[in-house]
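I've put the structures underneath this note.
Okay, so subunit A shows up in both of these, paired with subunit B first and subunit C after.
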Partner chain A sequence: MTIMEPRKHGSSADGAVGGRLSRFEGRLKITGEAVYALEYPAERLAHAVLIQSTIAAGLVTSVAIDDALAAPGVLMVLTPEDDLGLTVSADWQGNRPEEKPYYPLPRQVEFNGQSIVAVIAESREQAEEAARLVRITYAPQEGVASLEDPKAGEGKRLDQLSVAWGDAEAALARSPVRIEATYRTPREYHCAMEPHGLTAAWEGDQLTIWEPSQWAHGMARMYAEWFSLPVENVRIVSPFIGGGFGSKGQPLAYGAVAVAAARKLGRPVRLAVTRPQNFTSYGGRAATRQTIALGATEDGILQAIVHRGASETSVYADVPEQTGAATPILYKVENFSSESRVVPVNTVSPGALRGPGKNPSAFGIECAMEELAHALGMDPLELRLKNYADRDYQSGKPWSTRMLREALTQGAEAFGWARRSAAPRSMRRGNKLIGWGIGCGTFPVIRAPSEAMIRILANGRVQVVSGSIDMGQGTYTILAQTASEALGVPVEEVDVILGDSSLPGAAIAGGSMLAGSITGAVHKAAQAARDELIGLALSEAGSPFRDTGANTLAIAGGRISAREDGPSLTLPQLMAALGRDEIEVRRNTLTDDVQSAEDQKKAWTTMSRVQGPTMGDYSMHSWCAHFAEVEVDEDFGTVRVSRMVSAFDCGRLYNPKLVESQWRGGIIMGIGQALLEEGVIDPRNGRTMNANLGDYLVPTNADIPDLQVISVGVPDLNASALGGKGVGEVGIVGVAPAIANAVFHATGKRVRDLPITLEKLI
Partner chain B sequence: MTRTIRLSLDINERRYEIDVEPRVTLLDALRDHAGLSGTKKGCDQGQCGACTCHIDGQRVLSCLTLAAQAEGRKITTIEGIAAANGDLHPVQLAFIEHDAFQCGYCTPGQIMSAVACIREGRTGSDEEIREYMSGNLCRCGAYNSIVAAVREAAEMADA
Partner chain C sequence: MLDFSYTRARSAEEARAAAGEPAARLLAGGTTLLDLAKCGVERPDTVIDISHLDGLSDILVDGTGASIGALAKMSAVADRADIRHAFPAVSQSLSLAASQQLRNMATIGGNLLQRTRCPYFRDPATFPDCNKRNPGSGCAALGGVTRNQAILGTSDHCIATYHGDLAVALVAFDATVRTDRREVPIDAFFLTPDDRPEQETVLDKGEMITGLTIPATVAARQSTYLKVRDRQSYEFAAASAAIGLDLEADGVTIRDLRVALGGVATKPWRARTVEAALIGKPVRPEIIAEASRLAVEGAVSHGGNHYKIELAPRVVARAILTVAAHLNPDLNPALGETA
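Our next item is the complex of A and B:
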């Protein structure tokens, strides 16, 4: 047993960007003082509960509510009969083609588990009891349960996802070594520990919503559009979010119901989505299926990749899970073809779940590469290095930074890959077969503008103010570090205020784009605040620096000083000398041509200013390589991950301590994906049969070994102002194939459909 | 059901008089009636551990416990484990030090389980810690750091 070296929490040495500062808001979280959305007190609070459909498709023909209305404490029952007066909101880009009505409690059932009725009562217990008295009658229609339902068909091709260069089919046919296989991933769920829900309160036409949000400004805009309000009238409050993983970036039907009920009742309404209802109130990762064919020379040079993917979507929106997202950029290949289809089934529309697209895509290509290595009789590490992509063959652009070779070689070194015995079933420990496998991953650098405000107060404290959010990634911490470094004040003197749509606008905490965006805005604002402070100190009457003849001043350790032997003041002393209560500086990272109020509003509330990874001169991505060891019980087929080493290129790390936590979190979710997680759908009626945390298995502490993580990144100043690339999404990408490849090495059995459960191995 | 009962609950060595329906769980009584929202609701089905608190020093799932069952017993929640002078519990300090959480939502339950786990003497090895901390799910995936924090706090308790 090792004793961890004790470190003093919050030492100022850790306060600069790149330091291992402990989590800034940590004390609030370990004392229970951090307040989450459903914990805000409200006077005269009413409680709403949802009733969800029990059929996959059909019409609601009647809802009998008299018994429920007569139950104690019941205030209101909302059904498809009630026109809530809502209008469809614009899409992510801000496009709103027509003024269509929006029915969050629809008459047409499109999936099992769709919210149909809401019961509002004085207490949640009373609302739940009354909900059991509601009788819904349906006229069922034939539904499609899942991607594998024979009725599902082939779906439709999305031409915008087709990618091709060279002549892949011909090159494949010419290749002396070929493999082809089909890989499947099931429906998967976010399972953030904090269930969804909200508290909504109206004051006249001003609406306040306490709801966990990965994007306060965007959600405020969408609520405003539903309720035909100016966006300024809607305030989303979300300083703490109990996990999101992609699920908390937009308002959902239950939110519209709660807000509408609050307006009708003239009282605040709280709606807590139950854990089972969380499985169908928003979409997780769609089930996917992809076929990959690889062609190579006999010495292992890739000649062609042909990819054909399909993912399920809902019957009312085409939301692809892009199984071709990582396929074109991991390896050097001159002939490539990829096509993707979506297959409508009766499910809630799929959503973004950690590493969207890249994750199932990497499962396909990274398993296929090891199948090719096996066919060639070549070490899978050697095969990957041999086909290392010197540039982005899809866009034709050079990489900004790509330390994937270092990730592979340093990861291999730390793992001890050289000691691998090549043949499957050739390594064992007692009755456990041992297997080693590799999986590479990637996620694009997505850039977006943000805004930030810095306030220097009379008492010398510095406030960083931003509407961005922290769901555990570390926004509070890295913004304190950024302001501390740029301003020259100790991190202990900095306060960070986040999570409110009335504060300066910010990019969504999604697609790994927030940290790079918001540190840029805070850095810019803090430098401007520093310049303003120095300017005032040199020019204002009353400042002891005014007549020193100094051209500039230095700020360090919270003191402002003239060079040489001039005066030196603390910030409070200077603020007093200047006669200022506060200095406030607001800056954004929009370009000069889009600085109008209207442009700014659009930038913070839509995705219209978001830039993809190849929109500049370079192709920019985070990269990783995972090395997994599994133990497979020969008798029972049970698989345990016994150790992992993962090496990452995420550019510069703003706080390695928090980054390592995010990486491990992604890896653990990947272990769940590989071995445990699978939405099980009833083929008769499309019901999610394991809609709870006891049956939909996420990893427990006992499932997880020590995970070694290594950073091989270098600062990438094309990717962001301070040189970081995305951290949160990439951690999961490549984990599942590393484990699947290790299971093959252990057992000689290739499992191509996740999760890898024991019945597939024995 | 509209009848309420008056309960007198001993929470964190303070007395709370609350009027609740008999069906109200200890979890809801804490969060919605006693104003102690540090105890979290993650599933309301006894599957996630976020609602873990102590009754007479033993860890329980407050979502599977009726408030009325806790009357006359000593209830301890995350708000009640720091010392009277405000000094944090060693487990709380270790959680910050090892970054044993991200979003913080499972954290009160993890800490309450960790305090009990150490008291139960189930910290003899990392494997044992993992096993006896497995009733508390953490979707952010802080498990390595939770084990490190529990190990360190247990060693401090032994010292």
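Our next item is the complex of A and C:
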């Protein structure tokens, strides 16, 4: 099945890799032609709705379902009484220590908003109405509402996340200038435009799931493990995704419920998670709290960093939000100590949200650095440059590339930082206080293998086939550019087919790793296809190049040519001469020692072949520096970001237009994080009180000023085959501290807990 | 499926007759009814569609005032040049409310009757206790999340804020609500919760708003609506103020003043004590600021909403000074940086 219909692409004049092509699938989305998971037609489709818990903790003692079963159109009601026959799946690495049952509708309530019951009916509306008739009785238990709940305690120390070198405590005590402060971030949510949900259909023991996915192969594996199927029997179809931001990388309880219901009913089942249910069906960014102490000499040389962080997690899984992730690598420091804790509370397990770890970590260290600059009476830009890290002091390795100095200096130049008046409250525009602040960001280069297939068709068109996904970041577009460049065909002759676990394997679209990984595989496959085509042209009987005897054939602009005066054919002409319907080449970027079928399967469906930023000779990261200007109305406490300049080192940019769009998207989310976003929890029962887009505030267009973005990167061939570093997440990292620092500069008030809402400033 | 009957009323009389049934609801723009049906607050038996009825969406403005039909769309009223000229606060209160899409659908009559955004009111599955939904059951908001709850006009039975913007401007300018049976001054139209939070207006069952009348006054023509919130657009007010001002010939002494507050009270809140304290006084920032504090006389904090007690008077003061500076640019230097 061709998920993406063949279509014309941008003008070849836009160039191949490095060209500023617009997104190929953009028009399909704007015009509504793109079909999303909940829109796939299916015959005899049944509809499932979830009923979620309304208490934080307790046991489900009974579920009265007779009235619901008697309601019009109802086919089935699933409760904790029903054994759905599922088995716990393996973890991200593929480790599955013991086989135990999995209950996606559990009897033990672990958080408010947990799915407990599902009602399946002929129509969505019938299922919703019947769901009202279900009566759940609980034996409530005492719950812990949030990280700040007095009952939450200090939690558990995570040794593997605790880092130290030198003697930080002693060096801090000796330092003539010290600051110490505690920073907090609240629960934040993905709020993807497309809510969660799926359509699931069984044919015998073959399962097809239409579900938005950041990782089709990994999700297929996890579903297969739940349902005790060979992974080949599960197909995830996800050609278009309405935003993920980390929320769509794994199957979730509602998915298990829908697939189980489809199996029990012998009919396809669709389950749409409502917007309020989205807030508790997958966890957002965990609330965090971190205390940072910095010691420095009087001329601003950092002597010590002591970091103590904690994040909330659920009562059933330890999922840390690593507040110490950016702290050790942003600055040169000889004495460092960081400890991390997780504090179990009655929440859904937190999830990965754009820039996990690095984001709250940067909020802490980047606010602390400006607090230190203020204590020193030093310009915060100067302080950062003075403590520039010449290498990675945590791993001891050299940077592969680190253009953060250039990001700081060029960003400052573009922003006009030199015109900053140092004293807080010293800049005004009309009746508004003006403030300028800096926040640096970083995100690791995470490398993973991928696989890709290239097909050259008789009509000369080229297909790029990959199971990787495009959630709006531009995979379709950059893979066409990559194949175009490697093959020498115009980009409009390339069709890209993505988003299906039955297609060649790929890295997850997470951890900012997909683009670097999949362009490498496509480039390799396209070069092999080109070599094969040239080889056939030189060897096949029907080829006019057979007698040239030369290995100097070139493919450019969709034509294959020998020397200047030799023959020149279009690709369709050559394919006809060769008598071929198609040429198909499949390549992967696994090392030679792990090419068995079993090794490959594991590589595409787990994280076992993923490499972190220091698993090699270098320490590799993307970097950025944000410069924010805010206007504060001091009477009202309202803050508006009036302009931002952000400079990035993300290595080579495969498509600057799409990269800039990713950066700006991250910055916009960062503005929301700084000023608006906060999951509000009822302290009595752990209920999320603003689980909707009217009350959970994300920025509107009116909140976003001009965002100037600058690239200062250079190709980094250690980071990826084509020299790029990750672009998707680094953009949000450092935005919130830049704004918090600007608010301090404007008002003289240091707000250390996000978001910076008006009551904190009046 | 929630089974309900849908009736497309052929006339206002027919609609009124049908609306007298116990669980009947009138459907105009639908932006509130659909929203509340989705969160389980509204479960109508009968929906009577009046959106197409003739003669209820006219907007007439003349020297005596404005007459606005109940079915006029928010955006249509906001965009009228004559409304913007004679009643700038009314136009602004509409433009600053909701989103463009909602303003294009929602009607003036429905806007007045919008229900509170109290999250406890809107989550009946989790919080059965709500005296508005279920009289006598209690108020889950007390002791809960209160950042957006009211500080004025509350009772032990309900602290839910009336979040509408338009009604705040209308209260400031003594508008009248016309129904099929009577005309009611808008300040008397809305009720504080007291011990009957379920009764939000004086409308009887089956009584239908047919329109509004806003008298033309100098204060209404010299007015503004100031809405303060964290998000620049599409958020309810943390605090808002509708202000109308007339100055004596000296350009300094306050001849007439209208003050109403939004986002802080259980109903659109006219602050007559502020008006009385300032009429006859000169426009000076410190005098305005001090008198504006009277706007929150009797305010009750519930913790999370405490900031509104500080914020609301500042919004009132700023709005008064903004209109004053507009009327008399010479005041600008005297008003300093706060204008």
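Here are a few things to note about the model shown:
FYI, the second predicted complex is superposed on the first by the 752 of 762 C-alpha atoms of A that agree within 3 Å, B and C clash if a C-alpha of one lies under 4 Å from a C-alpha of the other, contacts with A are read in each partner's own complex, and residues count from 1 in each chain.
The definition used in the following text is that a residue touches a chain if its C-beta (ideal position, glycine included) is under 8 Å from a C-beta of that chain, and two chains touch if they have at least 3 such contacts.
In this text, all values refer to a predicted model and were calculated from it rather than measured experimentally.
Of the two partner chains, neither subunit B nor subunit C is touched by A:A118.
Of the two partners subunit B and subunit C, it is B that touches the larger number of subunit A residues. By the touch criterion stated above, A:L21 is placed in contact with neither subunit B nor subunit C. When the two complexes are overlaid on their common chain A, residue A:L172 makes contact with neither subunit B nor subunit C.
Of the two partner chains placed by superposition, A:A293 touches none, neither subunit B nor subunit C. When the two structures are aligned on the shared chain, A:P195 is found in touch with subunit B, with no touch to subunit C.
Contact with both subunit B and subunit C is seen for A:E129 once the two complexes are overlaid on the shared chain.
Of the two partner chains placed by superposition, only subunit C is touched by A:V680; subunit B is not. In the superposition on chain A, A:P72 makes contact with both subunit B and subunit C.
Judged by the touch definition given at the top, the superposed model places A:A525 against neither subunit B nor subunit C. Shared interface residues of subunit A, touching subunit B in one complex and subunit C in the other, are 72-73, 123, 125-126, 129, 694, 699-703. Interface of subunit B with subunit A (complex): residues 1-2, 21, 23-24, 28, 31, 35-45, 47-48, 50, 77-79, 82, 88, 92-93, 95-99, 101-108, 111, 125-126, 129-131, 133-134, 136-148, 151-152, 155. Contact residues of subunit C toward subunit A in the complex are 1-2, 39-40, 117, 119, 123, 125-127, 143-145, 147, 228-235, 238, 306-307, 310-311, 314-315, 317-318, 337-339.
The residues of subunit A lying in touch with subunit C in their complex are 54, 72-73, 112, 123, 125-126, 128-129, 132, 276, 428, 430-431, 635-638, 640, 675-676, 680-685, 687, 689-690, 694-695, 697, 699-703, 755, 757-759, 762.
Residues of subunit A that touch subunit B in their complex: 1, 3-4, 6-7, 9, 22-23, 25-36, 38-39, 41, 72-73, 123-126, 129, 190-195, 240-245, 272, 274-275, 471-474, 657-658, 660-662, 664-669, 692-694, 698-704, 706-707.
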